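Some structures are shown below for you to check.
Look at the two complexes coming up: chain A is in both, with chain B in one and chain C in the other.
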Partner chain A sequence: MKFSIYRYHSESTEQPYIQAYELADSEIDAGMMLLQALIKLKAQDESLSFRRSCQEGVCGSDAMNINGKNGLACVTRLADLKQPIQLRPLPGMPVIRDLIVDMQPFFKHYNDVKPWLITKDPEPEHEWKQSPEQRAKLDGLYECILCGACTASCPSSWWNPDRFLGPAALLQSARFIIDSRDQATDERLNQLDDAYKLYRCHTIMNCTQVCPKGLNPAKAISKLKHEMLKKKL
Partner chain B sequence: MKGFSAWLLQRLTAVYMVVFIPLTFWIILSGMPWDFEAWQNLLNRTTVQLAVLLFVWALLFHAWIGLRDVIIDYLNPIGLRLTALSLVALFLLTHAIWIIKILWLS
Partner chain C sequence: MAFLNHSKVPVHRFDALIIGAGGAGLKAALQLANADLKVAVISKVFPTRSHTVAAQGGVNAALANVNDDNWHWHMFDTVKGSDYLGDQDAIEYMCRAAPQVVYELEHSGVPFSRLKNGKIYQRKFGGQSQNFGGGQAARTCAAADRTGHAILQTLYQQNLRKQTHFFTEYFAVDLFRNKSGQVLGALAFCIETGERIIIDARTTLLATGGVGQLFKTCTNALINTGDGIAMAMRAGIPAQDMEFFQFHPTGIAGKGMLISEAVRGEGGILINSEGERFMERYAPSAKDLASRDVVSRAVATEIQEGRGCGENKDHVWLNLDNVDPETVKKRLPGIRDLCLTFLGIDPAEEAIPVTPTAHYTMGGIPSNRHGQVIMPTQNHAESIVLGLYAAGECACVSVHGANRLGGNSLLDILVFGRAAANSMIEYLSENPYHKTIDAELIDQAIARLDRWDKPNNNVNRSINANDQEEPVYQNDNVALLRDELRKIMEDHCSVFRNESVLQEGIDKLEQLFKRINTVALHDHSKIFNTARVEALELENLAECAMATIVSALHRHESRGAHTRMDYPDRDDKNYLKHSLYFSSTDQPEYKAVKTQPITVDTFPPKERVY
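The block that comes next holds the complex of A and B.
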């Protein structure tokens, strides 16, 4: 099986280049995932770098651009990929080394939306309660694993990476704005009301197409715009 | 214009244009004589003048928000961005004033 992988070391003076790799068919099992192949390639060439952790689509560490589409290596079947398998770092993010990108700007936007419950009432003796209907509204929002595949597929994020929050952070913003227990809805919406943070999204839906968890950040962003409309009118 | 107001105005102007354009075609194509006098009679009515003015302004505001989005997205160097925004604003503003001249001062 043939691979074509982006190589770069930010501390080296060498320009980025594409390196070809090959894995013998005898090393490939039926149903094998791309990450397993990458681990085998790393055994061949220990300088090849990529992030990984849980290996089952939960930690979100191994997001990369696979044959032109962002996804998680650990949940992408080798058999479904056209050869040579082209692996690139997440687009629009600064590359540290090979397939490893700097996620700091991504997590800065995540922190900007204050992804935690903000309450003004005194803490209840037990827990903050929700009805099953209120809880159901969080489905499709809380499951995000922050892999960055969506944000790195969004042209608005490529063009204005410092000021547009990006689909992942906006999905988190929606998760807390829609949460019945959160009491900072107005502050959260006011924070989003400028030309960049939210309204750079033109609903092209790349984010929804690539999300490895099957979430719909474009729909969450539409919900945010709807909530903004309700608040202002 | 901030995020929400621009977003809302773009939609409101779109709704107005979606109503205005077919209505105008319907009026023109429903047996109105196709001569200068008929046009003048139509455009001399204050309601029509106001509706046309509102349409052109809606079109210009809609275009401003759309072009501003394109410029913000694609033109990152601040000098180039401000120049492009100024040129577009000047072009649209000229047309906003010109339509008043066409409707009332010609």
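The block that comes next holds the complex of A and C.
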């Protein structure tokens, strides 16, 4: 099986380059995921670098650009990929080394939306009550694993990386605005109300297409826009 | 050894250093931040990538939202589940604290699933009973089957709110423990830049998680390499009860991903090749929801006796026919995803092939219910290691004893993360000044790092070694040795153990140690050198492997997860005691189990039937 992998390593080369790798068929089992192949390639060439941890699509470590589409290596089947398998770091993010990008700007935007529950009433002795229907509204929002695949596929994020918050952060904002327990909806919406943070979303929908968890940031964003409108009326 | 100049390494000073940003570390950090202390949290991965994120089924607390329950029943189940090796004071403390920590989590934002009346949803899990061994309890508070994810993200978010200082993607190398036994911080390096830092801290908490990577097939993340346990051992602290490693009955066969007990809690059952619900034979009343050690042994026995399923008869089926497909979608969406992704099947329609899979480290750094690290000294069986604390899967309090109950680990990390932080706060108020870290300690830690920057140890060795007797492994590399280590543990220290197999495993590990001491890295770069990280992890794994297998060899009984074919019975007369493995000797020491709870009566050892 053939691979073509983006390499960049500032200590030894100035320019990034593409390196070809190959794995013998005997090394590949049926149903094997791309991450397993990368681990085998790293055993051949220990300088090849990428992040990984859970190997099952829940920790968000190994988002990368796979044959032109962002996804998680650990849940991408080798058999489904056209060869040579082209691996690039997530687009639009500064590259630290090989497939590893600097996610700090991404997490800064996450932080910007105050991703924590804000309540004002005195806390009850037991749980805050929430009906199954209210709770169901959080499905599709709370499961985000912060992998960055969506934001790194969004042209608006590439063009305005500093000022547009990007789909992942906006999804989080929606997660708290929609939570029946949260009591800071107005502040949250006010904070989003400028020309960039939210409104640079032009509904290109790349985010929803790539999300490896099947979430729909685009829908969450339109919900935010809707809430904003409601508030203004 | 070349002379080292540690004075170039920058020093950062904090009141508290927390190593690990899983549930245990983040809960402690939050508690410390609330006390206005200067806290540093270091983690080798971004906090929300810690392995707590993978926990599925839920966290135990006797909230009685679904049916009658109280902490005392929870305590009974935990003591029984532990096969009476758990310390009953710590278990009482944990079970009493459970409702409060769960409510705290809910108040911080965890999106728990809900019951019709708006309260937190609780499901049935293995080993749970009402009324001291009566009917099945429903004690596990769940956010669908993504409870760990929900808890970890919420705790991280609360730490963001409190502006906790994170050293993200920093690798902790070694503790600084001075001659008088006090811990004064740790050496770490920034993975992104390679820069080394000294963290000079008046208190240090180890919250580095478990060591599931010991075994070839496991449910654990690749980062679960027992770093904290190995760091403690290198600092002269023993590892406790390492022979007790939990094999979860239902990992996806051949692959390892966990299929949570929640599946059986929602009604799934285990079936052998004859279509028999075999758990009825092994645990007539609890059946598929017996304790994990019992179910794992049953599955392994079915397979061994030829009633395994599939072409190779190497697994059994987990069948969800009795579960409403809507429940699968609503309560088990993550499991469904896993099955679709890794097996290409929908569990609502097809049975899941499962087999016992290495899952959880019951052993670890000996600690007490205050989160303090304790070890025997000349004067005292349980001396406190000043300045050092441990919480979470890396610690051994011991609330899980010989076998952990599902849903008790998320509880453990929260309760003892918080308890450790409270002890740290108290200690800090009494010990306001930093002590000087000996230069020698710093040099030693740095030498361990520098060793991996040497060009080629193999060559050096071929000159020195006695060629005839000792083969030189020119082609060794870290990845190869890691794979061999995990294979040795899988072959020699698995569900069923015996003297000769364990001894052979130890011999193989000893050979492997020699190779680890001489293997070299080719990549000596500074920037995001993951090869260096993996090399350091291999050293940590190897130390944990030895602790596990040696402790297993010397425990001549079967208790909880530790099953000796040559000693099939539990032996309370000789082995109702914790083992303590020191890396400097090849035989464990022992200490008594704390059978005295805080306020209630002792649960004396009984035969375990489910």
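Methods note: the second predicted complex is superposed on the first by the 229 of 233 C-alpha atoms of A that agree within 3 Å, B and C clash if a C-alpha of one lies under 4 Å from a C-alpha of the other, contacts with A are read in each partner's own complex, and residues count from 1 in each chain.
The criterion applied here is as follows: a contact is a pair of C-beta atoms (placed from the backbone, for glycine too) under 8 Å apart; a residue touches a chain by one contact, two chains touch by 3 or more.
Just so you know, these numbers come straight off a predicted model, no measurement behind them.
Of the two partner chains, chain C is the only one touched by A:Glu46; chain B is not. Within the superposed three-chain model, A:Lys225 lies in touch with chain B and out of touch with chain C [touch as defined at top]. In the superposition on chain A, A:Arg7 makes contact with neither chain B nor chain C.
A simple residue count on chain A separates chain B from chain C, and the partner touching more is C. In the superposition on chain A, contact of A:Arg188 is made with neither chain B nor chain C. By the document's definition of touching, of the two partners only chain C reaches A:Asn111; chain B does not. In the superposition on chain A, contact of A:Cys59 is made with chain C only, not with chain B. Of the two partner chains placed by superposition, only chain B is touched by A:Tyr199; chain C is not.
Chain A meets chain C in the complex at residues 9-12, 31, 39, 42-43, 46-47, 49-61, 75, 96-98, 100, 103, 107, 111, 114-117, 119, 123, 125-132, 134-135, 138-139, 142-143, 145-146, 176, 179, 181. On the chain A side of its complex with chain B, the touching residues are 155-156, 159-160, 192-200, 202, 225, 228-229, 232. For chain C in complex with chain A, the residues that touch the partner chain are 45-46, 48-51, 53-54, 63, 103, 106-109, 111-120, 143-144, 146, 149-150, 153-154, 157-158, 160-161, 192, 221-223, 257, 334, 337-338, 341-342, 344, 477-480, 521-523, 525-531, 534.
If you check the complex, the residues on chain B that touch chain A are 1-4, 6-8, 69, 72-74, 76.
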